[in-house]
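One chain, subunit A, appears in both complexes that follow, with subunit B as partner in the first and subunit C in the second.
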Partner chain A sequence: MADVVLKNVRKSFGRAHVIHGVDLAIGDGEFIVFVGPSGCGKSTLLRLIAGLEDITSGDLFIGGERVNDLAPAKRGIAMVFQSYALYPHMNVYDNMAFGLEMAKSSKAEIDAKVRAAARMLQIETLLDRKPRQLSGGQRQRVAIGRAIVRDPKVFLFDEPLSNLDAALRVQTRIEIAKLHTDTRATMIYVTHDQVEAMTLADRIVVLNAGRIEQVGTPLDLYHRPANLFVAGFIGSPQMNFIPCTVAEAGQDGIEARLPDGGTVTVPVSSEGVRAGAAVTLGIRPDHVRLSGQGTLTGRIELVEELGENHLLYVNVGRERHLTVREPGDARHEVGQEVGLSLDGGFCHLFRETGEALPLLKPAGFPTSRPSAASTSIA
Partner chain B sequence: MKVLTRIGFWLLVAAIGLFSIFPFYYAVISSLRSGADLFSVAYLPERLDFSNYVAVFERQPFGTNIVNSVIVAASVVALSLALGITAAYAFGRIRFRGRSLLLMTILAVSMFPQVAVLSGMFELIRSFGLYNTLPGLILANLMLTLPFTVWVLTTFMRELPKEIEEAAFVDGATPWIVVRRIFLPLMMPAAVTTGLLAFIVAWNEFLFALTFTLTNERRTVPPAIALMSGSTAYELPWGTIMAASVIVTLPIIALVLVFQRKIVAGLTAGAVKG
Partner chain C sequence: MSGAALQASAPARETMRGGRSSLTRSRVRAAWIFIAPTLIVLILIAGWPLARTIWFSFTDASLNSLADYQFIGFENYVANYDGEWFGLLTDPDWWHSVWNTVWFTAISVSIETVLGTIVALILNASFPGRGIMRAVILIPWAIPTVVSARMWNWMLHDQFGVINDMLLRLGLIAAPITWTASPDTALWTVVMVDVWKTTPFMALLILAALQMLPGDIYEAAKVDGVHPVKVFFRVTLPLIKPALLVAVIFRALDALRVFDLIYVLTANSRDTMSMSVFARQQLVDFQEVGLGSAASTLIFLIIALLVVITMVAGQVRLSGEVR
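Let's look at the complex of A and B:
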């Protein structure tokens, strides 16, 4: 059993406060992904859990035991570094055997475990090579192999795929997912890549400037972002944001007035919102529809064809742009005037503080496109 | 024009080569001549006369001097590297109060001219009861070699990626194991380079060796050569001195040749990243 619990964990380097009181409970066998902008403290948090940095204040429990003062090796964790961090002077076999040797395992046991891991990762033929004689992908496998042989309760990954090319990244991502199903170990994974986060995670932790913004399942974060930051961070292309004012706050939603005068009724709780208050309306590019007489009109400034769908960047005046994603090939040209309709059922509203107003429909935010033509999301 | 530049270039190369090699060449030539010949200027050996080389070993315990030098230099190298690598680990990796101050102090030590510390060092050596002993010389020489070994190795250690060592810690290695199993192999090129430099310094060290020894049997080679006397008090045994100099230069040339490839590797450090 290896759940990982952080209680009000803080970290400062001298006077620089990097982690500001993180509370997080990670269940046994869960796959948790940390995402967040560069410099937000993802690696630092991971290194705190690994024991490579000392926790300034707060408590860290692994498997129910307080491990604040325990050496990394005693925490039952294994870490895969972004730079692989293989021992350059040892061959692949010795790289993988080193941890077991330190644990004083018998020769026979070491051999069995190393060979089993090598077979699993298909690097059996490389055991005699030095790291410098390996390709990036092969090195990554060795790094993962080095983690596997120690049979850890918790795997820690710091952007393990960021040095690989796109194809290899997908392949290794699938292998890591498989490793998780096979070992059922707890995994904590840091990444910049949205696709990795969405596909691998049981739950995603969104970090920003040393604080947790939101924790939830990938779809939870996508459909019910808790605030402007998460709404903007999850999903690509980014959610469109339009500053609005509240025209009317009623029982079944808020009528938001757009800058150009049109209104959209969004089914969110209007508790504590008064007419005239400034709010931000958010809508994903997939949910904006092109229509003859829309809520907004604008001129297309850029068209990006992606094959299965295309993106339109529409200037709706006052230097404001909306991104629209439409299925198939583009049927519009740059410079063309289009109408855009915003369906309130697909919109999010955020208070001036950035906090999201709770959606009224508790279960099942619509997941299909408002129009008949449906596309997949994320 | 092109030809002129080429000629200029090669002239420069020749000048530099001549400047660096000529003194040694002249020493070799002189060591092969004897008697009155020595005092005439000649640039080519007329005949090979090895009598000087025999005389070096006959007139003084020069064999013992060489053994002394080997003991001192080898011990200095071993101690410098052992202390240098462990110190480099501390300076390069462990954050502690006063780290840069300490590092600066170490560098400052090497800025004092040897003469300045001579009398203090003499008192120290004598109070330890090490006067006229080889350990005394080893101790004194460490003062010359440690500053640069520590500095070079610290710089090198800082360039090694930190993740490698962190991976070892996660794997359960103690700091000592990390130094021995991870750092030592990775630092081999730097260690060879600094070790060789330390060897040369200790091998050629003159002032301490002259001051801290009393008897001929305890001397290392450099003071032994300087204190060589001829058959009469009025004779400067020039040929013998040159022969002795050539003899003691040979081990260094041999060492450099043996470790040449490692030195180059050490000078292009940073290539270790795996």
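Let's look at the complex of A and C:
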């Protein structure tokens, strides 16, 4: 078990700078998820921690030891690859035992470890099979088993569920969560799927273009996004954004003027905001309410039925659309005019720079848990 | 949709005859039309000469009177006149050429496989100028054998050759060596030139196999802390084995038929004579078409036998998955 600390870690491939100075402290036993759009550097960051890529500058500590110059095998890590990376010519048993054999463990010790891992992952009956005789889910279990037998201080997962179908993904996700509960090992998990991030993580690290945008608990990110990027990235469907101007900046919040005249008072700190400044108002689809006399009116352009709820895409004029999520079956039709009310207590305001204005003890938001370890944004 | 499919299936069933739908029959017909040209060409250029050679091997035909011959059964292979044995199977020269060929094949293909693997591993690594290297290394393979054999002949010349000159200057030898004429060095010289010429081909086949390997297992091996040498023997080699064996069979087939290299380098020397050189000598120099055809037929049988043994031993499936 170990903590992982990154200090101003940078990575360039030739002239291309991929990671721009990442500072991050991951606590012992923590489950950290790196999430971000493709090409944001999340996989590269994981490979830097694994030692599969060299760190260009900065320091990486695992369990207090600086490991920049240690080979992957010496870092006390185990990695599960997206493509499973099983040795195709070896059976399941040998796939799991190979690394241990190379580490010169005794036959009996290897056997005990492999069988224990196989029992844990319920692949005992598959030990004689070759990877090509296994399903995707079984292969992924073998890959996880191979990581477990190494008894690592830190588990690294590189999009381990991307190649599985939806049902299997949910099942394996639960198993990985259980593995974390059982082993209490530090885990770093890369995904582009925010549902995986939200459900698995103790803390989520949102990355964009090689920089950390925000670090926090899943609900922290959901309720208190630090900037427009995080607000737009976390939550599905995406948060609605409406460009506004500041009508009045007061003690209790900011009165924002919508493009077509209506105003919403959002309880955020108005420090350093002057009337007339351009801001962006954000509100999640769940928080927009249909009402006869709303702040906005628009015409329904599309209805998506999801069963437990439905989505309405409302054109509010000037080529702008708002997404509304309503429970149950749709009671509206395409083409219908509806009024939308925006409750200021559920809204976020972002400066022109994209930075979020701090919320003032918001009514509709639960207070977030304190984070386990200190972090900073580079 | 499903309604339309049901309607369509009814007339389709009517056209079924003998358990085959008209669609299947037209596909089979198309398949035959497409393979027919290949089959015809194969019969003309491979089947016919082979059949004719086998037929001649049972006759006493001679090169100056090809039309006038008699069927003599197995007498070209083995015959007994007045208690004395004649025929190919009792000819020590023939067996010597068989031995030469097999020895040449075993040694040269082994060296080429090892060197080819090493070269392929080097070319598989990424380094600047790799693309150019891959092209450059093929040059020996691209030169016609007769040309490269002539070139080596001159380089290996006992009096004027550059190789003797270099070795003398370096003090490695005291007197010039007659590389291609001395019984001690002749066959080794042939092997050396063949290795020079054919290693690139081997390297290219093995390189193709290496590039099929998934890169992620090497990263997994890195995380597992497996030494690169161990990775080669425990991971790379087992995975390229099928392709490697196919490459070895290709090369062995070529080597067993070796003719031009040996003929140009050492002419009809008995020390280096291969089966093909022996057959040519019978056919052309001695004008014994019957005996030469018998030798050719035996070459065909020996090669077929050795390939079958290799494939069974290596469990190679030429059509199987190469991974």
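Assorted remarks:
Definition applied: the second predicted complex is superposed on the first by the 361 of 378 C-alpha atoms of A that agree within 3 Å, B and C clash if a C-alpha of one lies under 4 Å from a C-alpha of the other, contacts with A are read in each partner's own complex, and residues count from 1 in each chain.
FYI, a residue touches a chain if its C-beta (ideal position, glycine included) is under 8 Å from a C-beta of that chain, and two chains touch if they have at least 3 such contacts.
Not measured: the values here are computed from a predicted model.
With both complexes brought onto subunit A, simultaneous placement of subunit B and subunit C is prevented by a clash.
Look at A:F61: by the touch rule set out above, it reaches neither subunit B nor subunit C.
Of the two partner chains placed around the shared chain by superposition, neither subunit B nor subunit C is touched by A:F241. By the touch criterion defined above, A:A78 reaches both subunit B and subunit C.
Touch criterion met: A:P131 reaches subunit B, while subunit C stays clear of it. Across the options 4-12, 22-30 or 184-192, subunit C meets subunit B in a clash only at 184-192, per the superposition defined above.
Taken together, the two structures place residues 50-52, 71-73, 77-79, 81, 83-89, 98-99, 102-103, 146, 150 of subunit A in contact with subunit B in one case and with subunit C in the other.
Across the complex, subunit A is touched by residues 161, 163-164, 166-173, 177, 181-182, 185-186, 272-274 of subunit B. On the subunit A side of its complex with subunit B, the touching residues are 50-52, 71-73, 77-79, 81-89, 98-99, 102-103, 130-132, 146, 150. Subunit A meets subunit C in the complex at residues 50-52, 71-74, 77-79, 81, 83-89, 98-99, 102-103, 146, 150. Interface residues of subunit C, counted against subunit A in their complex, comprise 214, 216-217, 219-220, 222-227, 230, 234-235, 238-239, 323.
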